[in-house]
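Heads up: the structure comes next, in structure tokens.
Per-chain numbering from 1; labels A, B, C and D assigned in written order.
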Amino acid sequence: MTDTTRPDRQRQAGRGRGHGGEQLTVPPADFSSYYGRPVLKPPVWKHDIAGYLFTGGLAAGSALIGAGAQLTGRPGLRTVSRWTALGGVAASTYLLVHDLGRPARFHHMLRVAKLTSPMSVGTWILAAFGPMAGVAAVAELAPLLPQHGALGLARRLAPPVGDIAGLAAAATAPALATYTGVLLADTAVPSWHDAYPSLPFVFAGSALAAASGVGLIAAPAAETAPLRRLAVAAATIELVGGRRMERLGVTGEPYAHGRSGRLVRAGRALLAVGTVAALVNRRSRILSAISGAALVASSVATRFGVFEAGRVSARDPKYTVLPQRERLDQHGPTAGR
Amino acid sequence: MAEAHPVGFQWVMEAKRRGAKVFHVDPRFTRTSALADGYLPIRAGTDIALLGGVVRYILENELDFREYVISYTNAATIVTEEYRDTEDMHGLFSGFKEENASYDQKSWRYAGNGQNAATRDTETQRETAAGLEHESHGAPVNGQTERDETLQHPRCVYQILKRHYARYTPEMVERVCGISQEKFLELAEAWTRNSGRERTGMLVYSVGWTQHSVGVQYIRTGAIIQLLLGNVGRPGGGVMALRGHASIQGSTDIPTLFNLLPGYLPMPHHSDHPTLDDWVDSIRHPGQKGFWGNARTYGVNLLKAYWGDAATAENDYCYGYMPRMTGDHGTYQQVLDMIDGKIKGYFLLGQNPAVGSAHGRAQRLGMANLDWLVVRDLFEIESATFWQHAPEIETGEIVPEECRTEVFFLPAASHVEKEGSFTQTQRLLQWREKAVEPPGDARSELWFFYHLGRIIRERLATSTRPRDRALLDLNWNYPTHGPNAEPSAEAVLYEINGYEVASGRPLSTFTEMKDDGSTAGGCWIYTGVYADGVNQAARRKSRHEQDWVAAEWGWAWPANRRILYNRASADPDGNPWSERKRYVWWDPDKGEWTGYDVPDFEKTKPPSYRPPADSSGVAGLAGDDPFVLQGDGKGWLYAPTGVLDGPMPTHYEPVESPVRNPLYRQQANPTRKVYTHPINTLNPSPPEEHSQVFPYVFTVSRLTEHHTAGGMSRMVRPLAELQPEMFVEVSPELAAEVGLNHLGWAHLITTRAAVEAKVLVTDRLTPLRVDGRIIHQVWLPYHFGFEGLVTGDSANDLFGISLDPNVLIQESKVGTCDVRPGRRPRGQELLDLVADYQRRSGDLGPHYPPQVTTDVADSGRDPEV
Amino acid sequence: MGVRSWFEGWPVYRQLTGTDPLGRGAASKSAGSLSLTARTDTADSVAKSVCPYCAVGCAQRVYVKDGQVSQIEGDPDSPISRGRLCPKGAASKSLVTSPLRQTTVRYRRPYGTEWEDLDLDTAMNMIADRVLAARDETWEDVDAEGRPLNRTLGISSLGGATLDNEENYLIKKLFTAMGALQIENQARI
Amino acid sequence: MPHANSLYGPLDPAPDAGYVDAPPRMGFFTDTSVCIGCKACEVACKEWNLVPESGRDLLGMSYDNTGALTANSWRHVAFVEQPRPAGWATPAFLDTPDGPPVSPATAEVAAHTSTDTGTYPGLPSGSPGAAARMSGGSEFLGMPGAHPPGRGSGAEGRTDFRWLMMSDVCKHCTHAACLDVCPTGSLFRTEFGTVVVQEDICNGCGYCISACPYGVIDQRKDDGRAWKCTLCYDRLGVGMTPACAQACPTESIQYGELEELRERAAARVATLHERGVPEARLYGHDPDDGVGGDGAFFLLLDEPEVYGLPPDPVVTTRDLPAMWKRAGLAAMTMAAATAVAFLGRRP
């Protein structure tokens, strides 16, 4: 924009709000817009997607825990985790399809494979993860099969197949848990995009926390020791990874204020409570359950909080215009850099 | 123009791109103003004061295009000694007759002219809207005049004009119009600077200009300026009327008007035109110059086209069949007659008077008092459903069970479902091909009237009554085709064009017409549109394949001429005024006129030609008389006859105005047409008392997104959503004064009605300082009504009926009103509210105030003191 | 469609084997897009027309498919409009194809409160009856001094500015022959 | 192989999208200095593309009753009333007895209106303060030195006035985030370099809507799919001009080869600067900008945000490699954390 002149703009950021047009009834905002309307279209995703962020993370975390349990000989935890993973991925698939404007066309997702589209990448990850998680979980039914005959063969084959599938699911699980961070970040939604370095960590931590939480609730107490350690790790990842979200400047506001801010804060608090409870408790089944529930709830709150924050930031032109304006005033148009 | 004629505005933008300056004068800042180089907010109804100011500016500074003015206008012509100006008579011209509020135009005539001028009495001229005849030709005067080409003679037109406008100073413009002197001078300077040999300026008006009690004089003032500046008959010049309907020009040329016949021939008048010869003589004015000398030919051809074989020289070509006017039979007179029960049946043909005409309530009450009504339209418009949904149902003024009007709604064919020609605003005929069959019962008007005529003629076939002869002898044989027996539009066009009776050969030009019955032609000015048996209006040679005049696209009347009076684009010697403005010129080698356009002159008459004394008609035109349809061949700065409210435009206040005329004691046009009818109540204006009851000025016009009364836009989805509600635009100052809020409600009240609208408070409206007072103006769109996808009160309900005397067009661009916050009351309370305002304003229904106010020197600021 | 051609039509396959690895354009073009064409191109006929709204006289092209108007747009050949249209002109197709258009005769009898249906022929005959009756009832042969009048003031008409010249010509001709003087149109308003 | 500038920087998008021998890139240049706000573009677009109705409410946003670009309005004409000088004109209200301007206050009121556009989420209401500022301009905030005394400051009565109009449309970005994030390949790059939703493919996932930095693409209710301007892909295919550009009476919307349009636009800006309109500037024309330049760019007479445009948009996918890196890191951290948790001491 070298040929552009802007003699009519007198902006000096942060200064001078004194005299307004006499008829102004509210203090003028420090930016212009078209009738104050949003520049961006707020995300049209319904709460399905916030829910999916949770269920997808839960499935991924559970698959990882399932594999860990499988490899370290914790059959109870393995079973719980595999079923949780399957439940999570099934719920995820339902929520994703349900959120579509044209659900009957969900299979169009498989037309292309686009590295530029986190949703396309996620689709293929889900396509890989889902069947594996399914096979791993179904393999847990082997003991219910008869001893003999064709089904008997299945009964014998199921555990090794389930183990392979469980490991395969676990191999894709970290991608499943973290791509959603990119899914949200790869948008024009100011608070999501600007948080792109943090979101995958927050979501990774949140996924592990949720999965640990379910394990703590449902798995035999004797097998839950890794979950307690994992809860601490999850909290560390989430809190350390997410600390930058508060330093985003104006687009960080929605993570700290309003409904979305309350949800995010609630998520952190619950995470802290759940982690501490998991650490101090070694025996109490009830305390385990509470700890687990807090971790699960933390994950839910965090996901909905992050989701909501993005919507808030897209809805108010301030978050779009101010940072861009600031950038322009400091550096000139993006092109100039 | 950007607002109502956006596609035409592309040429303004084109000119602007090339450096032209654009000025826009409007009471409200519109989409046109946004793109103009100068915007002049004006008090509605004061345009003559503004333009008169420009005339004065030109004359005082001698900025006129002198060579053009001397040769081509009547500036040098001497006027009779009896003439007295408005300056001497408080705003009246000499010859005013109080008893019928009209002028005896004798004292206005050119010196030396005998009793030729004003052969018909002026009241009859007003009643019959005779001014409309001049759409194609000037008023009658003798061809030979006394002239002083030095322009020094005190009674020459130039000096009379100068004196008449001497008081239209920049200060006066500011005082009357509310336009600052600085802005006025900017306009006047730019306009004059851009005129002359090398440059031309154009004046564009939209036909809201005609909707004033001095509408014709508005346009005349514009024409005077353009003549003084040499901007007529030249490319890039002229006075351009932006008309509002697809074929409103065509419906004036081939009129569906009470006082005209095709080609601007007058409808016969019972006392003035008892015989064919009387009728013809009244048109051609023996002794006058120009093409109207052949009026007999045009008249006989029309009669011959109407009555075919029955029309013979012996029976004066059936002239006796013609119905005769006795006075005003115009649409507003008709409506009042409907209310009074004098009219039985009414046809509405693609027109929606319940919304589109002034005084909507009178329109609807009139329709509710008929025997029968036929509405032909695309949609169920308000005029078709008044008995069901009119606002008068709510007030109890119309009770469906008691309303006897029988209503036939007949669906009409749309423009793509029939073939035919439209004449657009530049007189260009363009043929439309039929694309599809009309749906269901929808039919063209051609079908309806052809078959209605056929049925009626069949009913009367055995009649022996003399009154039915005109119908039975009518030449009504048009070929039909298709399943619906659709008459051939081309066959009708052929008849309009004219043909040789014996051979059937289509005529090529109206000069081929004979007055002996051997040719017939329905509209002489359209002759040539079917030349060589080819539908010339259907020509669609791409603009890329011809020059910028594009003479092979469609066909323009007369004779496919694109600029009228284009002889004036060359100097008196026949050379182009400048290379830049070259258009039509004399080629001495070939001995003929040539150029880009069809020359508007006898092709081989040299510039040096001077007619012998006593010649008249076409032969009387000199080689430098470019205005070939004017009686003296000149452009008229001064109209010695033919304009009923004065030889020169004079500022009068609108009939309803909040201020006393700052220029003259005479307040409003003294010759305006007045209807004293109980329903036609009036808001008082000074010097009458109580004008303060209606302190605000309102004006109405169009929005880009809608069309006229809304019948073709409020019913159309993608248009309805663009302007979805009735609104009123007010200035922030008025909003504060009255207590209106943006997007809140307001209602406007006159002695006729109260209408409500959403409020848009906008900086685009401004109060004006007029004669020391602050005047507030509000603006409303007039598109809304009670039917359609989007509805609202009709702005035209606010107006009363006061007409321009020349053409009987109503003043519906300016009125006074009160403005109040909130919605209007309903039912009886609404009637009470209006009645209360009538009472408070002095009940001007029964005692209509005097038309002449020259004896009232009421104000301390008497303008003439 | 064979499995092979299905597979080769699969955009992922096209991505992997073609020039568009990111699946941005060529590879992801759909069947619909491949067969897409402008409906003006497949019209059965094109009528040269003129916009029915204001008096500028913008030229239109009316595209027809299966007896229905499929598109109306500006005619670029026109020296007046150069193919351009205002919002009203641009809405012409919606005007002529509007679902709100009334396409059958409607009749409201005196003192009626509802519309009724009526056959077009019947309506024409009823109107002819009423015209003749009104004319007879209000006929004026001569004025007080015996000069001919030849007219009826019992019939009025308003409209014409949106109609064709040929239509106005017939309207004026018929009304004049029947002695109906009170014929007006928008040019008076 | 993908171009080095495949995600960011100057790029000819059609070859990048796999078109061999692509025709020249086509686009729009919308010159708002000649826009008369007639909305022919809005209607012509709806007629050609059979776009449904978008709401019948009076919005009070000057003459804008459309409100925004939505799935049901692919062209949107913005109207802004401002008590500021129009470069080409003398002050509109010289010596008229006016008080201060009302446009900031009415804009505030208008910020509250809404209408059912038939799309999700429709036309959200706006921030009144920001609306007021759009109409007032910075001088109404008491900024010093905006104008010589007596001009436009509002305190002593309005004098200057201008009415901005601008037909907004999809920008057809060089780097189109909507297209890149589309998981079905419904949004695709045409051979003309434009960006089009394929209605037979779109499944309404909504991702494109969040990705668009201009708030253009939108979801239609009762249909579920995303819709926006196609730059009349079907017409382009047979050599026709897009419906809006063909209808535009004043050539405010110009259609043509992008390269040529950019030259034309630069010349137009120069002309306007010469004619005393220094505020004229181009928007979206620069291939070096945050989206690699727009296929539909504009000549504006005020800051972009006054017209509802983002002042300096950057395509989100510029940062996509970094995002994937962070995600990979997070994934590895997650796997490692799990491993560590399980490999710890057995109880």
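Convention: a contact is a pair of C-beta atoms (placed from the backbone, for glycine too) under 8 Å apart; a residue touches a chain by one contact, two chains touch by 3 or more.
Because the structure is a prediction, the values reported are computed rather than measured.
If you compare B-C with B-D, the chain pair joined by more contacting C-beta pairs is B-C.
Centroid to centroid, with C-alpha atoms defining each point, chain B and chain C lie 26 Å apart. Centre-to-centre, using mean CA coordinates, chain B is 44 Å away from chain D. Separating the CA-averaged centres of chain A and chain B is a span of 71 Å.
Separating the centre of chain C from that of chain D, both taken as means of CA atoms, is a distance of 35 Å.
Along chain C, residues 11, 22-24, 27-28, 72, 84-91, 94 each make contact with two or more other chains.
Across the assembly, chain A contributes 111-112, 114, 116 as residues in contact with two or more other chains.
For chain D, the set of residues touching two or more other chains reads 38-40, 42-43, 47, 100-102, 105, 110, 180, 185-186, 201, 249.
Chain contacts here follow an irregular pattern that is not a line, a ring, a star or a complete set. For chain B in complex with chain D, the residues that touch the partner chain are 2, 6-7, 9-10, 13, 29, 31-39, 41, 178, 180, 182-183, 186, 703-705, 717-725, 727, 731-733, 735-736, 741-743, 758, 760-764, 766-769, 774, 789-790.
Against chain C, the residues of chain A that register as touching in their complex are 110-116. Remark: chain D residues 1-2, 6, 13-14, 16-20, 38-40, 42-44, 47-48, 179-180, 185-186, 188-191, 196, 198-201, 232-235, 237-238, 240, 243, 246-249 touch chain C in the complex. Residues 11, 18-33, 36-41, 71-74, 76, 83-91, 93-94 of chain C are the ones touching chain D in the complex. On chain C, the positions that touch chain A within their shared complex are 10-12, 15, 22-24, 27-28.
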